[in-house]
C-alpha cells in the first residue's frame, strides 16, 4: 500500500519538480519560459517516438536506461517522503540509496563509452570524477546525521528528528546540511557544476553521456534523472526538516504529509533556483574546490557533534 | 681395528695411485679406496652407536659420536667428489685445460699428482679426527695445509700460485697459533693424575679432569686455538685465504676444502670448546665464538651482494656458514648443539653439491664470471641449472630444504638463551646473503638461452651430481633414524647434557 | 571423517604434483593431470573444510613425514577452516580455467613443471592455513612463497618477469625473517612453539615487547598482504605471472598475510593497546586510497587489478583495525561486527578478484597484449567473458546487490558504530575513515568503468582486438563458477554470516550472526541498537520483478520502433577508433586533480610537415611517480650497494694486509680477551 | 767450583734466561735486517741458541727427551733449513730486500712494544710459588711469536716471510721447552717433521713464484680481489 502510494508519488512528482524549477528560473531571469507541466509533455512525446541505436553500441546501451530507472526508483522507495516510515526501509538505508544511485551512474557511464563517440567518454570521465569527489563529503554529512540517530536507516533517522523540530539549528546539523546541499548540486548536475540545459559540447557532463539516446530510452533516462533529483531533495529535507512527517499513510495524514512535502520541496527549489541564477557554471577543474568546501563543512559538522 | 683400517686405506690408495701407469688405474684406485673408506666410516658409526666410544692403542686413537659423525661426513664427501672427479678431469683432459702436450706425459703426471694427493689429504683429515692426542691432531691439521697447497696449484696458473701462497702463509700462521694454543693447554694440564707423558695431551684425559685445569692458561689456550683453527675454518678476520683458494683449486678439491676440511677445523674447535667450557664455564668461550661467528656472517654479506665470480660467492657463503656454526657452538646448550650438528650435516651436503654444480658451469662456460655467463644456464644445461638453483635456495636456508631446520634451531636457541641481538643479527645477515645469492643465481640460471652450445653429458660427473641432489631433497623430509641418532649423540657430546 | 576428507585433498594435490612432473614430456597429459588433480583436490578440501566449519570441531592431524626433531601437525580450527574454504573455492575455479588456459602453452612451456608448482602452491597454502605450530607454519609459508616465485617467473625469458619474481621473493623472505623473530619471541615466552600455547600470550608480555612483536608481525605479514608501504612487489609481480597464477596470487596468496594477522591479533593477543588498532586502521585507509589512486593511472589491465588488490587489502585492514580498537575499548559485539566485515571482504575479494584476473587472462590471451589502449569492442567477440568481467567489476566497485557491497556495508556500519565507543579524539578516526572508504569505493567504480569500457566497449583499437575470439569452454566455465560465487555471496549474505559464528566465538567469545540476521533472513543489520538494515536479496528481487514486468515487454515493443544508425562523430567522415576516448584521457581529470601525489611528467612531440598548424604525427607520453619507491626503496638500495662496494676494500689482495688483520685481532684478544 | 755452578739450578736458570734474552735480541735484529743471506744466518744462530736452551733445561731438569728435541733443532733449523734456503737464494740470485713496509726505526720500536705485550700477557701466569723460569720464558716466547708475526707483515719478499714464519715457530719451541719441558716425544717428532716439510713446501712455492712472476715480491700478488 505505502509502496504503491510512494511509487506513484515519485513517478508523478519528479517531472513536476523539474518543471517548477525551470519555470521559476525562467521567471527569475525575466523570461516566460515553458509551462510547469512541460516535462510531462516531453516525456510523453519521447515515449511515443521511435529511436536510433548507434550501430557501434552493444547490449549495455539497451540495458542502461532500465538499470538507471529501476535503481533510482528503488532508491526512492527507501526514503521517507510522507510518512516517517520509509516503505522499503527494510531493503536498505541511506547507504543503500547512495549505492543504488551509484549503480545507476556506473551503467550510465558505461553506456556513455559504449557508442565510441568521444563525447560519451568525456561525459563518463567527468561524471565519475565529480561523483567520486562528492562521495566523501556526502558520507561525512550522512555520518553526522546517522550518528545523531545512531543508525543509517532512514526511518530511524527521520524518526529521531521528529519531535525535536529545532534540532536542525544545531551547528552540526547546519554544517551537515550545507555539505549535503553542495553534494546534491554536484550529484544532480546543476549549475555551478553542470548545466542541465546546455548541449554545448565542451561543458556538458550528464547530457554528454546520454547524447546517443533518443526516444523511449531517452525518456526513461530523463525521467530517472528527475526522480533522482527528487529523491536527493527529499532526502535532504526529510533528514533535516522532518516537519510534518506523518506516522502513517492513512486518511487525512497522507494529505497533510503530502502538503508539507510539497511546501518543503518548493522552498528548496526556490533556493536552488536562486543559487543557479546568481552563479555561473564553473570550469571543470574548479569543481574539486567546491567539493573540498563541502568536505570541510562535513568534517566541521563531525567536529561540532564532538564539541557541542 | 676399524680406526687403523680407516687410516691405512687412504695411504694404500695414495700409493697405488702413485704407482699406477694409466689414468684408468688411478681412477679405479681412488674409487675403490674411497668406497672402502666410506664403508669403514659407516661401520665405525654403527660401532659408535652401539658401543658409545671406540678407542685403540691405549687411547691414542679415540672416536666418540662426534668424531664418528665427522668421519662419516668426510668419507661421504670424499667418495662423491672422487666419482665426480673422474668425469671432471676427463673433461679437463679433453678440453685441454691441463695443457695439451702431444705425449700426454705432463697430463698424466698432473693426474697422478691429483689422484695421489687427494687420498693423502683425506687421510690427514681422518687422522686429525680420530687422533685423541691434541698435539697429533695439530700435526695432522698442518699436513692438510701442506697437501692441499699443492692441490690448489693444480692448474699451475699465475693466479693459482698466488692463491696457494696466500693459503700457505695464512694457514701456516694459523696452525702455528694453534700449536701455541695446544702447548699452553698442555701446560694447563700439568701435574694432573694420568697426564704423565704421552697421554698428557689426550683429549679424553684432559676432558675428565677439565675442572682442575689451570684457568688462566685455558683462557690463553682457547683464544690461540680459536684463532688458529678458526683460520682453517675461515672465520673472519682469518678468512681472507678462502675466496682465493676456492676459486683457483680444482672444483672437487674445493668441494672437499669447503665441507670436509671446514668440518674438521670446527671439530678441533669443538674439542677445545668442551675442555674450556668444562674448565671455565661456557660463558667465556661462548662470547668469543659469538663474536667471531657474527663477524664472519657480517663480513660475508657485502661480498655476496656485489660478487661477480661464482666460486668466490660460494666461498663467502662457506665463510658465512662457518660463522653460523661458530654461533651455534657459542650458544651451546642442548638445542644449540643439536642445531650445530644438524647444520654440519646439511651444510656438507648442500655446499658440496653447489661446488659440483659450479664445476659443471665452469667447464661448460669456461668462466666463473657472471658477466661472461650471461644467464640461461637452465636452458643450456637443464639438470645443472635446476640442481644449482635448488642447492642455492637450500644453502640460503629456504624451506623446505633442510638447512632451514638447523638454522631455525640455532636462532631459537639464541633467542631462548637470551641472545636476542644475536638472533636478530643472524636473521638480518641471513636475509642479506639470501638477497645476494638469489640475485646472482637468478641472473645466472634463469633468462633466455645464451649462445653457448648445449652441454655434453658426462655420466660420472652428472650421475654423482644427481645422486647428491636427491640426497639433498630426501633429507629435507626424511632423516634416516640411525643418522639422526648419531647426530643427537654428537650433540650430546658437545653440550654434555 | 572431516580430517580424512581434508587430508585426501592434500594427498591428491601432492600426487598430482609428482605425477604431472613425471609426465612432463607429454604436455597434454601433464596439463590434464596437473589441472585435474588441482581441481579434484580443491573439491575434497572444500568439502572437508566446510564440514569442519559447520561441525565446529577442530580436528588435528600429525603428518607422517619430516625431521622428528620438529613437530609437523595441522589443526583445523574455524579460522583455518574458513581460509581453507576460501582457498579451495577459488582454486577449484582457477584449475577448471587452467584446463583451457594452458592448452596454447603445450609444447612451448614445461607444463609438467607448471602442474608441479601449481599443486604444491595449493598444498602449501592449505598447510599455511592449518599449520598448528610456528615451525611448520614458517616452512609452509616459505614453500608457498617459493612456489609463487616459481610460478611468477614461469616465463623467465623476460627480464621484467625475472626481476619482479626476485623482488617478490626477497621481500617475502625479509618478511619471513620478521615473522621468525616474532614467533621465537613468543616461543621463548611460552617455552613451546605450538599455537595453542600462544593463545592470549602476547598480552602478558611487557608493553615494549608486546609492541615489538605486534610490529614484527604487522610488517612480516604485511609484506605478503601488500600493505602500503611494503607493497612495492605486488604491482610488479602480479601482472607478469600467468593469469591463472595471478588470480591465485591476488585471490588467496596475499590473503595468507591476512590470515596471519587474524591469527596473531585475535588469537595470540588479548585486548590490545589502543594504538595498535589505530595504526592498523590508518594503514588500511592509506593502502586503500593509494591502491585505488594508482590503479586509476594504469593502462596495463593486470597491473590495474594488482593495484586494486592493495586497495582491497586496505579495506580488510580497516575492518581489522576497527575490530582491534573495539576490543581494546571493550565492545566485543562491535569487534565481532568489524571482524566479520573484514573476513567477509577477504572471501569476497578472493572471489571477484579471481574472477577479474581470469577475465583479464582471457582478454590477454585473445589480444596478446596487456595494454588496454590496444583493446576495445571485445564485448562482441567475447560476450561471455565480457559478462563475467562486468559482474566482477560491479562486485569490486561495491555496488548492490553483489557481494562487494555487503562487506563494504558491514565495514561502514562498524566504522559508524565506532564513533560512540569512546569520547577521546580517536573517535573522529572512524567517520574520517568511513568517508575515505566512500572515496575509495567511488574511485574504484570510476576505475572499473574504465577497466570495463575501454577493453570491451566501442570500437577495437588494434588488429589483435579486432580479430580476437572467445576463449575456450573450460576458461568460461571457470569464470562462470566465480560469477555464481559473487551473486551467491551477495544475495545469500544473511545465510553466509552464520559461518562466522565459530570464528568470532573462538576469537572474541561472541556469536554475532543471530543479531545480524533480521526479518526471517531477508535483511542484514549491524546488530547495533537500532541500526539500519540492508536486503540484497530484496533489491535483486525488485530488479528481477521490475525487469520481467516492464523492461522485457517494453524493450521488445520498442525494438520494433528502433533503427540503428551511426553514432555522432562531430561531422568527421565516419567514427573510427581514433575518435574514441582512451584510458589515459578517461583518467586525465583525476590525474590533474591529484597531481600533487602523482607528479605526472608528460612529453609531447609533434612532427610537422606542411605548416605548424597541421601536425602530421604527435608523440605523447606521460608517466607518474611512485613516491614510496622513489624516496624510500631506491635510496635504501643505493646506500646498501655503496656500503657493500666500499667494503670490498677488505679483500684488496695484499697478503701483508691479510696478515695484519689476524695480527691486530690477536693482539687485541691477548690484551683484552685473555686476562680475567 | 765449576761443578757446583754446573749443578746449581739458579745458575741454570740464569743461563737459560740469558740465552732467551739473546734469542729475543736476535729476533729484533732480524726485524732490522735487509740482507736475506744474513737474515738466514741470524735465524740459524737463533735456532742454535734455542737448541742450547733445550739442552740446558734437559741437563738441569733431567728431562732426557729434551736432548732429542735439541738435537732435532740443531739438525733441522740450524743445518738443513739454512742450507736449503741459501741454495735457493743463490739459484734465484735475490740480493737485497727492498724497503720493508714500515721503516726500520719504527719497526724496532714496534718490536719493543710487542715485547711489552708479551710480558703483559705472561704477567697473569706468574705465580709466586713457582720457579721464575715459567713466566719469563713465556713472555719471551710470546714476544718472539709476535715479533716474528710482525716481520711477516712487514716484509715483501716471499723468502723473508717464510723465514719470519720459522722464527715465529722458534718462539713456540721456546715456550714448549721452557713451560712444559717439551711435548711428548712423538708429538715433538711430528712437529719437527711438519716444520721441515713446511719449509720445503714453502721453498718450492717461492721457487715457482719466482719462475712465473720473475720476482719474489709478494706485494705484487694482487690479482685476486673482492
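Note that the chains take the letters A, B, C and D in the order they are written out, and that residue 1 is the start of every chain.
Here is the rule we use: a residue touches a chain if its C-beta (ideal position, glycine included) is under 8 Å from a C-beta of that chain, and two chains touch if they have at least 3 such contacts.
As the structure is a computational prediction, the values presented were derived from the model and not from experiment.
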Going from chain A to chain D via touching chains takes a minimum number of steps equal to 2
Chains adjacent to chain A and to chain C under the stated definition are none
Min distance from chain CA centroid to global CA centroid: chain C
Looking at Cα centroids only, farthest away from chain C lies chain D
Highest contact count belongs to the pair A-C
Rounded to the nearest Å, the gap between Cα centres of chain B and chain D is 32
Cα centroid separation, chain A vs chain B, in Å, comes to 79
Taking each chain's centre as the mean of its CA atoms, chain C sits from chain D at a distance in Å of 71
When centres are defined as mean Cα positions, the distance from chain B to chain C in whole Å is 44
Going by residue number, chain B touches two or more other chains at 165-166, 169, 173, 216, 220, 243, 303, 306
Touching at least 2 other chains, the residues of chain C are 648, 651, 655, 659, 666, 670, 674-676
Inter-chain touches occur between A-C, B-C, B-D, C-D
In the complex, chain D touches chain B at residues 121, 124-125, 145, 149, 152, 158, 161, 165, 168-169, 171-172, 175-176, 179-180, 183-187, 190-191, 193-194, 197-198, 201-202, 205, 208-209, 212-213, 218, 221, 223-224, 226
In their shared complex, chain C is touched by residues of chain B numbered 165-166, 169-170, 173-174, 177, 215-216, 219-220, 223, 227, 231, 237-238, 240-241, 243, 288, 299, 301-303, 305-306, 338, 342, 378, 393, 398-400, 402, 404-405, 408-409, 411-412, 415-416, 420, 423-424, 427-428, 430-431, 434-435, 438-439, 442-443, 446-448, 477-479, 484
In their shared complex, chain C is touched by residues of chain D numbered 101, 117, 120-121, 124, 142, 146, 149-150, 152-154, 156, 218-219, 221-226
Touching chain D in the complex, chain B uses residues 133, 135-136, 138-139, 142-143, 146, 149-150, 153, 158-159, 161-166, 168-169, 172-173, 176, 179-180, 183-184, 186-187, 190, 197-198, 200-201, 216-217, 220, 243-244, 247-248, 303, 306-309, 312
Contacts from chain C onto chain D in the complex sit at residues 648, 651-656, 659-660, 663, 666-667, 670-671, 674-676
